[in-house]
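Consider the two complexes below, in which chain A is the common component and chain B and chain C are the respective partners.
== the complex of A and B ==
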C-alpha cells in the first residue's frame, strides 16, 4: 500500500511537470496552429535563468518568476522575428524554422553554461513520514505549484478579456479578426504566456531532475507532445488531463512493470487512446 | 601534367616532413560528456613530448602528438582509431578509455600498434593481448576488489566497524559494468556477500524505482558505480526516500566537482575510491605536480599520473629502439616496452624520461618505475597499484586510508 501511494504521488508529480509544459504548448498551438519544436528549449532557458538568478542572490521563487518574465519576453521577440513573418507560408516552413531555432538555442545554452551538468539550486529535502508512509516533498511541491499555475491559466482563459479573445482566435481566427479582435496583440500575448509557462515547466523539471543539462528540454519535449496529443491538440484543459495520464503511466509502468520502460507505457496509452479517439480526449480548442 | 607534378611535389614534401617527426596518437574523448578525460591527459602528454623534443627528440626526430577524438563512444572511437592508425600513421597510442575500447581494440591489435592506456580500467583488457596492449591504470578488477576490501574492513574506513548490509548499483555502461563482477566476488571472498547487485539504465531522468529496489533491503551501504550526473540523481532520490545509510562511489565521483553537483548535504560522509601515486613516489609526485603547474598552470587532475607514466614508457621504448641506429616503428616500440619497465639485475631504476634516456644512451638497461607504482606489466600488460579510500568531510574529499596493492591479493 505504501509503495502504491508513493507511486501515485510521484505519478501526480510527474504529471504536474508535464502538464505545465503541455499547457504552454497547447496555448501556442491553439492560436497559431503550428507545433513549435523550439518549445523544449524555452523550458531549458527557464531552468538555467532561474539558476543564474539564484546564483545572483535571489530566492528560488523570485528567481523563477523573473525567469518566467524574461523567457516570456524572449518568446515574443523570437516569434516576432522568426515565426510571425512566415505564419502564412504553411506548416513545413514553420516546422523547419522551429527545429532550427531549437538547435540554435540549445547550443547557445551549451556555449554559455558548458556541456557539464549544473545542479539546480534546490536543497535536498527529507520526506515527510506519516506512520509507515514516506511522502517525498519535491513532487508535492511540484503538484501545488503546477495546480496554482493551471488555476491561473483557467482564470485567464475564462474570466479575462484577453482570455476570451484568445479563445475566439483559437476557434476561428478570421472571424475573430472580423469581429474587431486585434489578433496581433492576441498573438503576442499568446507567445508570451506560452514561453513564460514553458519557463515554469523548466523550473519544475529542474526541481525533479536536479542536474541541468543543455538537452534537458529537448529530451522532455516528446513526453510533452504525447500529453498534448492525448488530451486533444490545442486544448489546454485536454493537455492537463493528458499530462496527468502520461505522468501516471510513466510512474506506474516503471514501478510495476519495468523500470526502464516507463515512457514506453505512457506512449502505449497514447496509442490506445488515439485509436479510440483520434482527436484526443477533448476537442482541440479552448 | 602540371597537376601531376604539383601532386608529386606535395607528396614528397609531406614525406620529407614526416621523416622528421614521430607521431603518437592520443585516442581519447576530447568532446562530449567525457571531454574532461582528454583535457586532463593532453597537457601532461604534451609536457613530456616537449621535454623530449627540447632534448633533441628521439633518433633525430621530433615527437608530435595527434588527437583522435573518441567522443566517449564506441562508434566515434573506431573512426578516430582508424584515422590515427591508417591516415596519420602513428607508431603508438596513448589511450583509449573503456568507453570506446570495444570499437577500437581489435583494430589496434590487427594493425600491431602498441597502445598504453592511462585510463582504461575495464576488465575486458585483463587478458586480451600479450604484445600490443598495456595500461598504466589498474584494472577495475583491482578497483572493485579495493572497494570490497575497504567496505569489509574498518581499518580502511576510519570507523569502528565495517559494513554488513551492502547493495551494489551499477549503471549499464561499458566503463561501469566492469566493476560489477569483481565487487560481487570480492565481497563474498571477504566474508560479506552482497544483499543485492543490479544494473540500471544510465541517463534516465529519474531513478526512484531503482532506489526503491535497493532500499527495500535496508542496506547500511550502497556501492554506486555510475556517471556523476546519474549518481547525483540516485543519491537525491534515495535522500528523498529517507535513506540514511552511507554510499561508496568510484573515481568519477571522487572530485570536488561532484560535491558541487550533488551538494555537500547529500554527500557528507560518503566514501570514494581513487587511484593514487604509490607512497614511495610521494617526492616524485610533488616534482611532477610542480612541473605541470609551471607548464599548464594547473594541478594534476584524474589520470594525470597515469598519463605521465604512459608517455614515459612509450618514449623510453622509442629511445631504446632507436639507439645504435635502430628504426622507430610500431613493432620496435612494442618490443621495447617491457625491456624498459621490467625489473632485472643490474638495471638502473629511473623515474622520468631524461634520466631514462641518459642511461639508455650510455648503454645501460633501465627499469622505469612510475608515479603510479613499479609499472611491472604482467603477461597481458596490466599493472598493480595502490588505491586511496576517501571520505567527504566538511565539504571536501579527505584521504582516510591507502589500500596497498598487496592487500588486494
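== the complex of A and C ==
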C-alpha cells in the first residue's frame, strides 16, 4: 500500500511537470496549428538559464521567473524570424523548420555547457514522514507550482481580454481578424506565454530529474506530445488531463510492469491514442 | 593512402545514406507521407543482417572472435542482405497498417514515437542486441581472404556502388510507373484520387512498406561496412538527416535523393575540420563535444534554410505537363 501511494505521488509529480509543458505546447498549437518539435528545447533553455541565474547569486524562484521572461522573449523572436514568415506554407515547412530549430538550440546548449550532466541547484529537502510513508518534498512542490501555473493560465484564458482574443483566434483566425482582433499581437502574446510556460516546465523538470542535460527537453518532448494528443490537440484543459494520465502511466508502468521502459509506456499510450481516438479525449479547441 | 581510405569510407557512407533517402523518397517524395521514424527501419535492417550473418553461438568462429552475443545464424551475407530488406519492409508494413490512415501531423508524431519505442526495446533487450555494448565482428564478406584488408574499403565501395545503382534504377522506374503516378495523385489530392478509384490507403501502405525495404537494405550495407552494430547508432537525428538529404536533393526525384545524400555528407563531414580553425581551438579544448555539436547546428540550420529558401531542391521533381499545354508532335503548324 505504501509503495502504491509513493508511486501515486511520483506519478502525480511527473504528471504535473508534463502538464506544464503540455499546456504551453497546446497554446501555441491552438493558434498556429502545427506541432512544434522545437518546444522541448525551450524547456532546456529555461532550465539552463535558471541554473545560470542561480550561479550568479539569485534565489531559485527569482531565477526561474527571470528565465521565464527571457525564454518568453526568445520564443517571440524565434517565432517572428522562423515560423511567422512561413505560416501560410503548410505544415511540412513548419514541422521541418521546428526540427531544424530543435537541433540548433539543443546543440548550441551543448556547445556552451558541454554534454555532461549539470547538477540542478536545488537545496536539499528532507522528505516528510507520515507513518511508514515517506513523502518526498520535490514532487509535492512541483505539483503545487504546476497547479498554480495552470490556474493562472485558466484565469488568463477565461477572464482577460487577451485570453478571449486568443481563444477567438484559435477558434477561427479569419473570423477573429474580421472582428477586429489584431491577430499579429495575439500571435506574439501566445508565443511569449507558451515559451515562458516551457521555461517553467524546464525548471520543474530540472527539479525532478536533479541533473540538467542538453537533451533533457528533446527527450521529454515525446512525453509532452503524448499528453497533448491524448487530451485533444490544441485544448489546454485536455492537455492537463492527458498529462496526468501519462504521468501516472509512466510511474505505474515502471513500478509494476517493466522498470526499463518508463518512457516507452508514454509512447505506447501515445500510439494507442492516435490509433483508437485520434481526436483525443476532449476534442475541440479552448 | 590513409586519406584515400578515409574518403572511400565517407563515399560508401554517403551512398548508404542515399539508399535510406530513396526509401523516404518513396514514402514522402511520392506518397507525401510524413515519416519521422525512418531510422527504425534502418535499425531493423542493420540488426537483422548482423544477427543472421554472425556465426552461431558456440561455433569455432564465435569462440575465435571472442563473441559475446546470444543469437547468430551464420547465413551468407547476400542472404542476410535480402532478409534485412524483408524485415525493414515487414516492420514498415506493421507500423504502416496501423497508422497510414492518420492525418499527416499525427503520422509524423506516431512514426517518431514508434521509432523511439523500437530504440528503447533495442536498448533494453540485451539478449538480442547486447544493448549499450553493441555487437562487433559482424561479418565482412571476403575480407582478408581473398581481398587484402587495406584494399577492402575500395572493394566495399565498388559493391555498394553496384547495389545503389541497381536500387536507384528500380526507384527511377517506380517513380514513372503507373504505381508512382497513382502515389503522386494521392499525394496531391487524396479525395480526388479516391474519387477516381485509386485505393489510397492501400497505395500508401505499399509505398510505406517499400520505403521500409529500402531502409532495411541500407541498414544491412551499413552494418557490414562497419563490422559492428550498436543501438546508439540509431538516434532520431539520422531520420532528420535523411529528410534534409531528400529536401536538398529535391523531393519527388529519386536521382535528387541520392545526390542530396552525397551533398549533405560533403557538407556535414567538412565540419569535422572546424576543430582545426585556430581561433576555435581554445573552445574545443575546453569542451570536447564542441565540434560534434557544431555539426548538428549546421544540420539544423540547413534544414531551416533549405525549407525556407530552397524548397524545390537541387533536382526538382519533373512532372509531365498536362496534354493541353503540349502540342502533339507532328501537328505543329
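Assume the second predicted complex is superposed on the first by the 275 of 286 C-alpha atoms of A that agree within 3 Å, B and C clash if a C-alpha of one lies under 4 Å from a C-alpha of the other, contacts with A are read in each partner's own complex, and residues count from 1 in each chain.
What we mean here is this: a contact is a pair of C-beta atoms (placed from the backbone, for glycine too) under 8 Å apart; a residue touches a chain by one contact, two chains touch by 3 or more.
Since the model is a prediction, treat every value here as computed from it, not as a measurement.
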- request: Check whether A:255 is in contact with chain B, with chain C, with both or with neither, and answer first, second, both or neither.
  value: first
Is A:86 contacted by the first partner chain B, the second partner chain C, both or neither?
-> second
Quick one: is A:183 in contact with chain B, with chain C, with both, or with neither? Answer first, second, both or neither. neither
Touch check for A:125: first (chain B), second (chain C), both, or neither?
first
Max touched-residue count on chain A (chain B vs chain C) belongs to chain C
Look at A:208 in the shared chain and tell me whether it touches chain B only, chain C only, both, or neither; answer first, second, both or neither. first
Query raised in the report: First (chain B), second (chain C), both or neither: which does A:10 touch?
Result: first
- Task: Check whether A:110 is in contact with chain B, with chain C, with both or with neither, and answer first, second, both or neither.
- Result: second
For A:137, is the partner it touches chain B (first), chain C (second), both, or none of the two (neither)? first
Shared chain A footprint, chain B vs chain C, residue numbers 115, 260
Note: in the complex, chain A contacts chain B through residues 3, 6, 10, 14, 115-119, 123-127, 129, 134, 136-138, 208-211, 213, 219-220, 251, 254-255, 259-260, 262
Interface with chain A, chain C side, in the complex: residues 34, 98-99, 102-106, 108-110, 112-114, 116-117, 120-121, 123-124, 237, 240, 243, 247, 283, 287-290, 293-297, 299-304, 307-308, 311
Residue positions on chain A within touch of chain C in the complex are 34-35, 82, 85-86, 91-93, 95-97, 99-108, 110-111, 114-115, 222, 225-226, 229, 233, 258, 260-261, 263-264, 267-268, 270-271, 274-275, 278
Chain B residues touching chain A in their complex are 32-33, 35-36, 200-201, 204-206, 208-210, 212-213, 228-229, 232-233, 236, 239-242, 257, 260-263, 265-266
